[in-house]
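What follows is a group of structures, each given as structure tokens.
In the two assemblies presented below, subunit A is common to both, partnered first by subunit B and then by subunit C.
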Partner chain A sequence: MVIFSVYVVNKAGGLIYQYDNYVPRAEVEKTFSHPLDLVLKHHDEKVVVSFGQRDGIRVGHAVLSINGVDVVGKNTAEGKDILEYLKDPSNYPVSIRFGRARLSSNEKLMLASMFHSLFAIGSQLSPEVGSSGIEMLETDVFKLHCFQTLTGIKFIVLADPRQSGIDALLRKIYEIYSDFALKNPFYSLEMPIRCELFDQNLKNALEVAEKAGNFGAGS
Partner chain B sequence: MTVHNLYIFDRNGNCLYYNEWNRKKQAGISKDEEYKLMYGMLFSIRSFVSKMSPLDMKEGFLSFQTSRYRLHYYETPSGLKFVMNTDLSVSNARETLQHIYSNLYVELIVKNPVCSSTPSLDSELFSSRLDAFIRALPYYSPRAA
Partner chain C sequence: MSRQSNRTTDSKKMNSELFTLTYGALVTQLCKDYENDEEVNKQLDKMGYNIGVRLIEDFLARSSIGRCQDFRETADVIAKVAFKMYLGITPSVTNWSPAGDEFSLILESNPLVDFVELPDNHSTLIYSNLLCGVLRGALEMVQMAVDVKFVQDTLRGDNVTEIRMKFIKRIEENLPAGDE
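Entry: the complex of A and B
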């Protein structure tokens, strides 16, 4: 029962705070010989698997490291293009680590803005009068909860689908926001939140919620 | 307990079928625009979910809820998308949507040599069976006006 991450989005849809509490990175490292039976391609400045799922390596996984050394974007740590490197038989046997790519800050910004728009469309397409935007979005591996305040700030929490008590957690995060960000005289509204006390209190609140969620769901 | 409406989209985004039972509020845009907006929203949600997800997903996006309604989503491997809006009391309509696909769509549309050629679902039988099925659902009850 975990809470994966917390995002705070301002009125305009810009991400002002992001915290990853638990990032489960299932990574697989395997040694390969020439020729590689996976098809790799460039995607968004990364090298991802496009075909050839096997042994825990899925389509969409990115190349994270080669021979133990982390890759830098499309190139190895030495600056050679990864696809070129892997075409050369003299570089084999090679040990490559695959896994879900971590989101960069830019991608998180884009996703937060995307959600901001989807939230509004969810309200527009409502078949009932007076609907809010998307408050909870469910998939098979996570649940996204969103609480929009009267001033338009959205608090978004990604958690395990079985985690309970997220509504109370969202209200608590709002309380922490108003205590440690809004009351901070050096904080400007709608700007990224860089307040230490906000971070500390948020982490504590997440711990408390995770423990309480465990008791609730376990019984 | 009620079903508001149902959309069926093909893999290219064309709305094949739409029907409403208990819709209280129209979207304020024409039906064509509404279909496009709905499809666009679902496409974006699927892409959002696949990037945002901390773990690899099998089924992907299942449903979302707002303060007044819940949208259930089911996509077949062939790219056919079934979207149903219900009220909040319905927690899981995935089996309903799967039933609509396998017992109504496949039986009455795919296996019908006349219907399969045209993109939109003109089958009277399909519409009436689907309507009867929805009205027979345990969680469907027409609200008193």
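Entry: the complex of A and C
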């Protein structure tokens, strides 16, 4: 039973806090010799596999590191373009690590404000007056739970579909927010939350919720 | 300070005299700094406002009260739940205006002013003006614009302390989705 992430969105739709709790998916590191049998391409400032799936390296996986050194966007750590680097036979044999690319913080910001708008659409689509916004979004891999306070702050939790007790967790996160973020006089409202105590208490609350959610479901 | 995990019990006891002393030190320092009662009143209101916008979330998180349907419900929640939770007193709600948009909170006792006497040279000082700011700030965060002021004050010779609250309008900007 895992709680994957927590997002906190302010009144205006801006992401003010984000925490990821999941262990990264399987990443594959392999040594290759020239010529590379995978077809790579640029996509969104990253280099991803577009053809040539094999050995656990799937289409869509991004290049995470070359020879053990993490890449920076489309370039190696030294600033060379990755595709150019990999066309040069003198650079082989080369060890490349592939994996599912994590969301960058900009992408998370964008997704959070998109969710903020969708949340509002949820209540507008309603046949009855006075409906709340989106409370839950379900996919086969995770469930997204959202709780909006009367003041407009949204607490969003992504968890395993079988995880129970998320409503109580959302309320608990609200309490932690009202304690460790709001009662910190140096924290300004609606701004990104950078409070150590908030982080610690949130992590503790997630651990408690994960353990409690184990009852009644196989892990 | 460590926190208990069970939040439904009452908050930790604190010496109310320390609270009275702290508030008193605050007001006297403001008087020294500004030397003008009107200015001090304004500052207290501003400080109260900053407290109110944060306190409302704490209140909502702990009391799990839903949105109030009308101003009467709001008045009841303020008097019976909020004041009780934070100051340990339960003012009474009276003097409703005919339009139902103004009411008075009558406080029999006020923990802020235990042991306090206003000297003559501060006759226009509204000692507990922080409370007005708190109420104004808290209600603004739940999309209600209100005007709050003291109309009677035991420190200035009246029998009771009376706070008058007037509903101005619903704040339509930045309404949380689902509240139209």
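Just so we're on the same page, the second predicted complex is superposed on the first by the 212 of 219 C-alpha atoms of A that agree within 3 Å, B and C clash if a C-alpha of one lies under 4 Å from a C-alpha of the other, contacts with A are read in each partner's own complex, and residues count from 1 in each chain.
Simple rule for what comes next: a residue touches a chain if its C-beta (ideal position, glycine included) is under 8 Å from a C-beta of that chain, and two chains touch if they have at least 3 such contacts.
This one's a predicted model, so the numbers in the text were calculated from it and none came from an experiment.
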{"item": "Side-by-side fit of subunit B and subunit C on subunit A, or clash", "value": "fit"}
{"item": "Which of subunit B and subunit C A:Leu150 touches, first, second, both or neither", "value": "second"}
{"item": "Partner chain in contact with A:Leu182 - subunit B first, subunit C second, else both or neither", "value": "second"}
{"item": "Touching partner for A:Phe98 - first (subunit B), second (subunit C), both, neither", "value": "neither"}
{"item": "First (subunit B), second (subunit C), both or neither touched by A:Tyr17", "value": "neither"}
{"item": "Contacts of A:Gly133 with subunit B and subunit C, given as first, second, both or neither", "value": "both"}
{"item": "Which superposed partner A:Met114 touches (first subunit B, second subunit C, both, neither)", "value": "first"}
{"item": "Contacts of A:Gly122 with subunit B and subunit C, given as first, second, both or neither", "value": "both"}
{"item": "First, second, both or neither for A:Tyr174, with subunit B first and subunit C second", "value": "second"}
{"item": "Of subunit B and subunit C, the chain that contacts the larger number of subunit A residues", "value": "B"}
{"item": "Subunit C versus subunit B - closest C-alpha approach in the superposed model, Å", "value": "10"}
{"item": "Shared contact residues on subunit A - subunit B and subunit C", "value": "122-124, 130-133"}
{"item": "Residue numbers on subunit A that touch subunit C, as the complex places them", "value": "11-12, 119-120, 122-124, 130-133, 148-153, 171, 174-175, 177-179, 182-183, 189, 201, 208"}
{"item": "Subunit C residues touching subunit A - in the complex, by the definition given at the top", "value": "3, 5, 7, 53-54, 56-58, 60-62, 64, 66-67, 141-142, 174-178, 180"}
{"item": "Subunit B-facing residues of subunit A, complex", "value": "4-5, 22-24, 26, 58, 60, 100, 103, 107, 111, 114-115, 117-118, 121-142, 144, 158"}
{"item": "In the complex with subunit A, residue positions of subunit B that touch it", "value": "4-5, 20, 22-25, 27-28, 34, 37-38, 41, 44-45, 48-69, 71, 85, 87"}
